[in-house]
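As written, the chain order gives the labels A, B, C, D, E and F, with residue 1 at the start of each chain.
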Amino acid sequence: MATYGLVEYEDASPAVRAIYDEIRAVRQTDYINNFWKALAHNPATLRRTWEGVKEIMGPGGALDPLVKEMIYIAVSATNGCGYCVASHTAAAKKAGMTPAMFGELMSVVGMANETNRLAVGCQIEIDERFRTSQVP
Amino acid sequence: MATYGLVEYEDASPAVRAIYDEIRAVRQTDYINNFWKALAHNPATLRRTWEGVKEIMGPGGALDPLVKEMIYIAVSATNGCGYCVASHTAAAKKAGMTPAMFGELMSVVGMANETNRLAVGCQIEIDERFRTSQVP
Amino acid sequence: MATYGLVEYEDASPAVRAIYDEIRAVRQTDYINNFWKALAHNPATLRRTWEGVKEIMGPGGALDPLVKEMIYIAVSATNGCGYCVASHTAAAKKAGMTPAMFGELMSVVGMANETNRLAVGCQIEIDERFRTSQVP
Amino acid sequence: MATYGLVEYEDASPAVRAIYDEIRAVRQTDYINNFWKALAHNPATLRRTWEGVKEIMGPGGALDPLVKEMIYIAVSATNGCGYCVASHTAAAKKAGMTPAMFGELMSVVGMANETNRLAVGCQIEIDERFRTSQVP
Amino acid sequence: MATYGLVEYEDASPAVRAIYDEIRAVRQTDYINNFWKALAHNPATLRRTWEGVKEIMGPGGALDPLVKEMIYIAVSATNGCGYCVASHTAAAKKAGMTPAMFGELMSVVGMANETNRLAVGCQIEIDERFRTSQVP
Amino acid sequence: MATYGLVEYEDASPAVRAIYDEIRAVRQTDYINNFWKALAHNPATLRRTWEGVKEIMGPGGALDPLVKEMIYIAVSATNGCGYCVASHTAAAKKAGMTPAMFGELMSVVGMANETNRLAVGCQIEIDERFRTSQVP
């Protein structure tokens, strides 16, 4: 159970309900997942986090929403966060991620984690050209 | 300097030279970056790592090479690996990443890192529906 | 179950029992939590770890014990350690942490995790003034 | 150098300048540190991050601003983010952190990192009482 | 359950079966653990990962297989990966790890995690002699 | 520079000098590395850390000192701690680590980091037999 339990809609303050309503409208589902119900004990964090997620993860940007969900999975797997891996994998599947795409995502995540540690473990210095070719 | 220094082409064994040659051919550049030169002290690791990277990061799969480079950056930033952030940001730019795409990539990476820790810190349990809706 | 099971008081060696007794006395509770019972297979580690925790987390220092418990939660959430989040959240509540304090703690933890990765991902150099203004 | 360089005030768009002005006013200093100048290439991320930091780190909440700066350092050290350790250590000193407080902060950070890994490495299960005593 | 479930032998393609057969032969057991069955949805990743593990973890190298299993546990505990801690602890026990060896392994893992964060948190620069004494 | 600078022998208190003297005696070198000089601002942390390192890393236990140094490097590379990678690689070389041993160490570290994230990213459950075969 979350640290202070989950805030259900019927027990929520008007401010929290308004955010729950918006989550439902934006996501076109009645389901509010545990993450939001656990944050609701701190309405300011709930609001700020939801507004960030809504602004960042939605359509209309330079990156496709499915690409963003896969990046989210990559970070969550790297951080070892089971909750976010589960919730964003569900979201990615809903957004069209195929088993083949997931398989490649995992292979990149695995390889990056491997080489990240090799680079540090072998004390490799950044190539001068990677430092200077910074301008687009 | 890397733990045992960098193996330059002229000092490399035939086996290492063959891999350097292939890196140059696949990447269409004469430049071999420090990562490979540092791994070259252990030819088996050099070969296995290069074959993995070549197989995973190239074109022709379910994910676009640029998407894979951005996933690589996401993992590397999350792991705090300056070397891999620098080298894969250079690769992503070469593959067409625009400043707007990079900006969105960073916003997803930041948000995922934030919510990963909130989920753990608030001891949030995985929603039953995320556990069971596992089949594609 | 822990790797070699849990060492219960009645099965413990005199050296382990002495530490259990001290934990009970210092914490004013009969309860010995799983962490100590799992470490007890290696009495030297049990002793060293307990002495460190006792010395560091107790009252009388420059930081309030509750502040130290919240710092402990912050680290544990960042490392994704469910056990330590749970045990130190219980300890922090006992030491007086209110829901409002926990909410703010989580918001700082979330924000720090976000900006940590942005700083690395954007390859931001440390400002000269942060390097040189080191003296108190 | 940051991925797309640093946006100086004189080169900034009106939207970015407005945020820079607010940072200066809130922090009562003319200095804008590299973090904000690097984020400024993505004004939406700059704005969202600044508003989050301003809302979270300021006075008037349940936690003292200095406590929040120390929590920030704890997370940043745990994530290995040199930039954030340097900038928030400077902020904490400005907010009154003494060498003794910093010494204790580090000892808690060190101990928490140690026990986090022991708990995972020894496969210790969460005590039932930590799971159920969740209500404040 | 794994993201796309587990691929049992009887449902596996010939390519996957061949790898399962090899795992059984090399490990001298009929048991295929969940890790391989979950990867099997992506045969290329299954093959590459198995070939890497087989090449790296086997006997005949400069490091003893048991030492390699303990290094694997050290990394897995540090990353907070419960699955890999469990599976490689089982492997290490099979390879001869005694409780005393495990106890010392954990004490090194704990101490390293502690000092890693102290070094970053205290902003300690690398000693010149550690930088230059790179040649064997 | 470390947060409060480095405490040189001639400026150290008698208590700190005593520890420096012991470090020199145990390590059979006059050199005190930056890590200890930076911790010396907090003598209690200096003492506790040194006593832990001395107790854990020395000879006479169930694990060879060189094996322990390699485990230390594995953890430090996984945590991205450049300082500890550098200092413990120097120590491991002094203790007899050959390039071939280092190469294998890195290959295990890389592989473990890769599979750690695959296990989490693919949401793989721990095999029942790994849970129950806990007794030596």
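The definition used in the following text is that contacts are C-beta pairs under 8 Å (C-beta built on N, C-alpha and C of every residue); 3 or more make two chains touch, one makes a residue touch a chain.
Please read these numbers as outputs of a predicted model, since none were measured by experiment.
Looking at A-E alongside E-F, one finds more C-beta pairs in contact between the chains of E-F.
Repeating the D-F interface with over half of its contact pairs identical by residue number, the matching pair from B-D, D-E or A-F is B-D. Work out the mean CA point of chain C and of chain F, and you get 20 Å between them. Note: centroid distance chain A to chain C, computed from Cα atoms, is 27 Å.
The set of chain A residues that touch two or more partner chains comprises 1-4, 44-45, 48-49, 52, 74-76, 78-82, 86, 89, 99-100, 103-107, 109-111, 113-118, 120-123, 131, 134, 136. Chain B makes touch with chain D in their complex at residues 80, 89, 99-100, 102-104, 106-107, 110, 117, 123.
Against chain D, the residues of chain F that register as touching in their complex are 3-4, 41-42, 44-45, 48-49, 75, 79-81, 134.
The touching residues of chain C, counted against chain F in their complex, run 1-5, 44, 48, 52, 55, 131-132, 134-136. The part of chain C that touches chain B in the complex is made up of residues 73-74, 76-78, 80-82, 85-86, 89, 105-106, 109-111, 113-118, 120-123. Looking at the complex, you find that chain D touches chain C at residues 1-3, 31, 33-35, 38-39, 45, 49, 52-53, 56-57, 61-63, 67-68, 70-72, 74-76, 78-79, 81-84, 86-90, 93, 98-101, 103-105, 107-109, 111-127, 129-131, 133, 136.
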